[in-house]
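First the structure, then my questions, so here it is.
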Amino acid sequence: MMMNMVQAINAALRMEMERDPSVVILGEDVGVDGGVFRLTEGLLDRFGADRVIDTPLAEAGISGVAIGMAMNGLRPIAEMQFMGFSYLALNQMINHAARMRNRTRGRITIPLVLRMPYGAGIKALEHHSESTEALYAQIPGLKVVVPSTPLEAKGLLTASIRDPDPVVFLEPTRSYRMLKEEVPDGEYLLPLGKARVVQEGDDITVLGWGAMMPLIQKAVDKVKASVEVIDLRTLSPMDIETVLDSVKRTGRAVVVHEAPRTCGLGAEIAARIYEGAILNMEAPVERVTAPDITIPLPKGEDHYYINERMIIEGMERTMNF
Amino acid sequence: MMMNMVQAINAALRMEMERDPSVVILGEDVGVDGGVFRLTEGLLDRFGADRVIDTPLAEAGISGVAIGMAMNGLRPIAEMQFMGFSYLALNQMINHAARMRNRTRGRITIPLVLRMPYGAGIKALEHHSESTEALYAQIPGLKVVVPSTPLEAKGLLTASIRDPDPVVFLEPTRSYRMLKEEVPDGEYLLPLGKARVVQEGDDITVLGWGAMMPLIQKAVDKVKASVEVIDLRTLSPMDIETVLDSVKRTGRAVVVHEAPRTCGLGAEIAARIYEGAILNMEAPVERVTAPDITIPLPKGEDHYYINERMIIEGMERTMNF
Amino acid sequence: MLTDEFDPLKGEMLCVMDEEGIVDRSLMPKLSNEMLIKAYRTMVLTRLADDKAVKLQRQGKLGAYPPSRGQEASQIGPAMALKEGDWLLWAFREMGGLLWKGIPLSTLYLFWMGNELGSVYPEGSNVTPSVVPVASQIPHAVGIAYASKLRKEKIVTLAYFGDGATSEGEFHEGLNFAGVFKTPNVFVCQNNQFAISTRRERQSASPTLAQKAVSYGFPGILVDGNDIFAMFAAAKEAVDRARKGKGPTLIESYTYRMGDHTTSDDWRKYRTKEEVETWQRKDPLSRFAKYLKAEGVLSDEGEIEKEMSKVIEEAVAAAEAVPAPTRKDVFEHTYAEMPPYLKWQMGPGGERQ
Amino acid sequence: MLTDEFDPLKGEMLCVMDEEGIVDRSLMPKLSNEMLIKAYRTMVLTRLADDKAVKLQRQGKLGAYPPSRGQEASQIGPAMALKEGDWLLWAFREMGGLLWKGIPLSTLYLFWMGNELGSVYPEGSNVTPSVVPVASQIPHAVGIAYASKLRKEKIVTLAYFGDGATSEGEFHEGLNFAGVFKTPNVFVCQNNQFAISTRRERQSASPTLAQKAVSYGFPGILVDGNDIFAMFAAAKEAVDRARKGKGPTLIESYTYRMGDHTTSDDWRKYRTKEEVETWQRKDPLSRFAKYLKAEGVLSDEGEIEKEMSKVIEEAVAAAEAVPAPTRKDVFEHTYAEMPPYLKWQMGPGGERQ
């Protein structure tokens, strides 16, 4: 069926809930309202209020209660309404979700998915445009997954729900309704921890994830070079092998992310590329990122958000080094 | 006077409170108890319970109330008892402390210092050994400062208190009582945003901060090479200029940090070094870091914590590349 | 003390004026005619400016906007109890309180248009900018009040928040600090029955929100939030208590959000037309108008509406005339001084990120 | 219902046994002699094991340790009300509850020695590991209870926490969720009068902590925490209520921490010897012993102490015999499957980080 990302995510949630009675959804407005982006629409009617749980407005509570559920045999999918409010859940995610397996040497585990929309480019209010994935990606014990298309969203979310460890699942708000593509009706799984080579090429590798992928594609289509495009998909644990295979051939790499530059994932990727392939590199790894400022309100957002031109210029700098 | 770091911090707090009646201290056990590490000892008696404020046990509250104080003309110094509990304050720090100046175009500012002990190597309980400075260093609008000696602590804390912006001040628990040095009795200020070249050298640059500095020094003293040692001091905004000046001469760099490897500051430093000096580099930037695991409880801590040997090996790998 | 007379644990609610605008004289607070007219004008302005904002949003001139229709008394009543110099903190649905406090409407529109200059209020207004992360302004209110108290100023700090906010840890931590520090705070919880789609009953099993004050050792009171006199009276008492150094008060304003949560929302998903109509009858503005007319204080509503419409048109024009932020604008307020690396990111002409 | 008879808002406290071990028969819960002796033995074991832990710490064999002396009744009483399969969550000062639940003492010592194997409890024990971030186990308790309820199991979840914990947002959010979801939870707040150096009165202006239940729409009760019968009776009623699907209860156990906060603390900094001595007279263990002797249930205390000392020596030896974690141990439980990059960090022999 042709689906946009909202529909694909909804389909994945529905299928997993059908399949496994231990899967429950909880969060603010996920039930009666069907989610502020309609991600969970129809699920309350289908599975009832005990499994599609409208919670009080409390992110630490949502994540903490979800962790408790996971400790006692459920597979909770907890929603943060926006990434900018998920910091309230960090104590629970860092100090418990990420650590319970190790703390108990595997006796208690946390098969939890913390879903949330992330990212700018939607002309939103303050705190509705964050892309602070590096906060999560640096925590040992958490996985961080970001889909870039409807099909990918279905496959990666299904895998995240079945994963035995806590997964932070970041959904690019900007891509929710951006495009439709064919998504299989039945079970569809993609492996976590595996990057996807979107397009092969020899001259330069361009890397990104989530809402950056369509932008990257547009930029890449406009340059002459033979570009290898990689969608990282899982930010942690990162599939650096696929990246290294690519840059060892191309000798040039551009990382694109909408998070601010400093301590963004781009730094880690660059560092690992040098560690693994410095002798192959013909130019510094180029980071095309947002600047180190607070995301401006809508009228100023263009000074912040990545655009095609910036990606093209990044590629050109790298090619011309 | 000869002081250890606890005494130097206490002296800086006392002097700034004497000097500026708008400076207040708040946190758990900072008053009657004088702080669990005795950092604030004697201040309650000197300045009274209105300015040295024992708070309820609530980190979001402490940081949020401190932000409110700063909005209304005070210069609060808020203490988190350990870095591992500071995640509860992240919502306030990220969404308000870091943003208020920009949000109001400079009308409302947050001259706040959030002090906390950090770091491992002290055989402590869970959550008492964290070194998650990258969580803070990636937030535009926050400054992150780490002293490595008593003298540095006095100078940097004084500057942090007087800084017009929010400063996260990380104190290496391990160094609190490790050594004494001469610290001037009077006012002593060090600039924020400036790294310190601890020792000059030509062959290799070794970079670190906080509790890593004495370890680095020991390691450096054991190798033959001419080593330039840099104490970064301010992690954000980072003084990359001093680092680049150095690595452009040495062509080799080792970054040492006790935080896990992935998305640690080491990645950012490496990325910036390549961006600014790739043609000077004769070896990949070596990251000597903790592994990407939860800090083990004391019996396993040695598998985690940086030691001299690891630093020496890192230097050797870099020299022999 | 109203807080003694009306015990939320018994479900008692302070109400001064009924739906027909008839007031209980024994509870009626003293208010000059001047004050009454100013309140009415602010209420009309709020109502019309709010409607206008929704229209502007539909025209693509504003971003998502949270209408406050139905909550005007709940907002303006408490603000009326403040003196100059007192602090006011809001979340995002309290236009009425801000207009009373003298924040220019054009500034508010500018904010909703997505320009940071919309959070730059007149010097000395002691109003804080909009806070979106629910409940997170509550600890600020305590810190602000603490600072006033420390300096021995006789200044009160009032903070608005919603029913949903009471579930957040920061509500709890903030009120608990206020109780311990006995800060001069007034906490106004606008219980408009919903947090987006989440009904008040789903938010907490506590029969009232006012009774949550029991946890913090200070008084709480449940008030008819569509009754401007009740809201003013409760707030006045609370403000006086705070100013006298007797500590904080929690006021639950029992009201209703007549419109959508924001312009991105559709209330039909989670409530019936009938329910909304029931509340229509309790409309705070028409109730107030009935009273004022009966008292002879108000004669020509139409005139005031016309006047306010003009104010609104001017505010829209003024807001629209403000240019979008430059690259320098969005960079330069990150720190007091721009660090070199950030300067490089800004670029000389902004062409390089 | 005890929760009806003892209203924390009126400052009423449930007390069954006085300091001389004399019980109020009308309030005395039914307990078999077997149960009484088991409780006493567990209490003695807790007391002695706790003393031993402090000694081991002084000898450098344990890390920082939080003594529970004085709080044994407060911990064991509630645990006695649980059935097999019920869940127990603790913070870090509740050794008594864990020993009652059958967690081996050697495992607990191993934990305090700093080995993660000390958090591996017998399969099916339904006890969670120590949680250091104050109050953060409270939401877990609600989630655990929710899962039991969803599966229609008749399982109750009991969580301990301290007076300090009630100030944290996670306490508030957890209890609020429990009220809304009507989960089978029992919340036991051990008010030992201190959070490190911070006195209970500085923690909250609320006259009792039990009354905070008012905010969440379920009962709260204040109980003499040094009285094992009162603690058992209150917990039994709460456990039964939860098991019947009637929702959560908050129990405030009014007790006192006789020792230091942890072995790194020095209580002389923030309280007087006299104060501690007052509480010495309320000692839960001697009170219980007096009752048991008067009833003829207990004859030879010395015998039990000797027996327990042996148990303790064996537990110490067993814990000390466990080898330190290998490099593989500390790496391999980060995820179910070790990612390649982490394998590389671990290194074949662990020589490379």
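For reference, chains read A, B, C and D in written order, and residue numbers begin at 1 within each chain.
To be clear about the criterion, a residue touches a chain if its C-beta (ideal position, glycine included) is under 8 Å from a C-beta of that chain, and two chains touch if they have at least 3 such contacts.
In this text, all values refer to a predicted model and were calculated from it rather than measured experimentally.
Chemist: What's the fewest number of moves from chain B to chain D, given that each move must go to a chain touching the current one?
Modeler: Steps on the shortest route: 1.
Chemist: Quick one: which chain's Cα centre is the longest way from chain D's?
Modeler: It is C whose centre lies farthest from that of chain D.
Chemist: Chain A to chain B: how many Å between their CA centres?
Modeler: 30
Chemist: I'd like to verify one number: the distance from the centre of chain C to the centre of chain D, where each centre is the average of its C-alpha atoms, in whole angstrom.
Modeler: It comes to 44 Å between the two C-alpha centres.
Chemist: Need the CA-centroid distance for the pair chain A / chain D, whole Å please.
Modeler: The answer is 40 Å.
Chemist: Which positions in chain D are in touch with at least two other chains?
Modeler: Residues 116, 133, 167-170, 173, 176, 180, 202-204, 329-330, 334, 341-342 of chain D touch two or more partner chains.
Chemist: What parts of chain B, by residue number, touch at least two of the other chains?
Modeler: Only 55-56, 58, 60-61, 84-85, 88, 91, 95, 102-103, 126-127, 140-141, 238, 262, 292-294 qualify.
Chemist: Counting only chain pairs that touch, give me the topology of the graph as line, ring, star, complete or other.
Modeler: complete
Chemist: Which chain D residues qualify as touching chain B in the complex?
Modeler: Those in contact with chain B are residues 63-64, 92, 111, 113-116, 118, 130, 132-135, 164-165, 167-169, 195-198, 202-204, 264-265, 269-270, 324-325, 327, 329-331, 334, 341-342, 345-346, 350, 353.
Chemist: State the interface residues of chain A toward chain D in the complex, per the touch definition above.
Modeler: 24, 50-51, 53, 55-56, 58, 60-61, 63-74, 76, 91-92, 95-96, 100-109, 140-141, 143, 163-165, 193, 237-238, 240-241
Chemist: Could you please specify the touching residues of chain C with respect to chain B in the complex?
Modeler: Residues 87, 116-117, 119-121, 123, 128-129, 131, 133, 136, 138-148, 150-151, 169-170, 173-174, 176-177, 180-181, 329-330, 333-336, 339-342.
Chemist: Enumerate the contact residues on chain A facing chain B in the complex.
Modeler: Residue positions touching the partner: 60, 84-85, 87-88, 90-91, 94-95, 98-99, 102-103, 126-127, 132, 134-135, 137-138, 140-141, 236, 238, 259-260, 262-268, 270-272, 274-275, 278, 281, 283-285, 287, 292-294.
Chemist: Tell me, which parts of chain D touch chain C in their complex?
Modeler: Residue list for chain D touching chain C: 9, 167-173, 176, 179-180, 182, 202-207, 211-212, 214-218.
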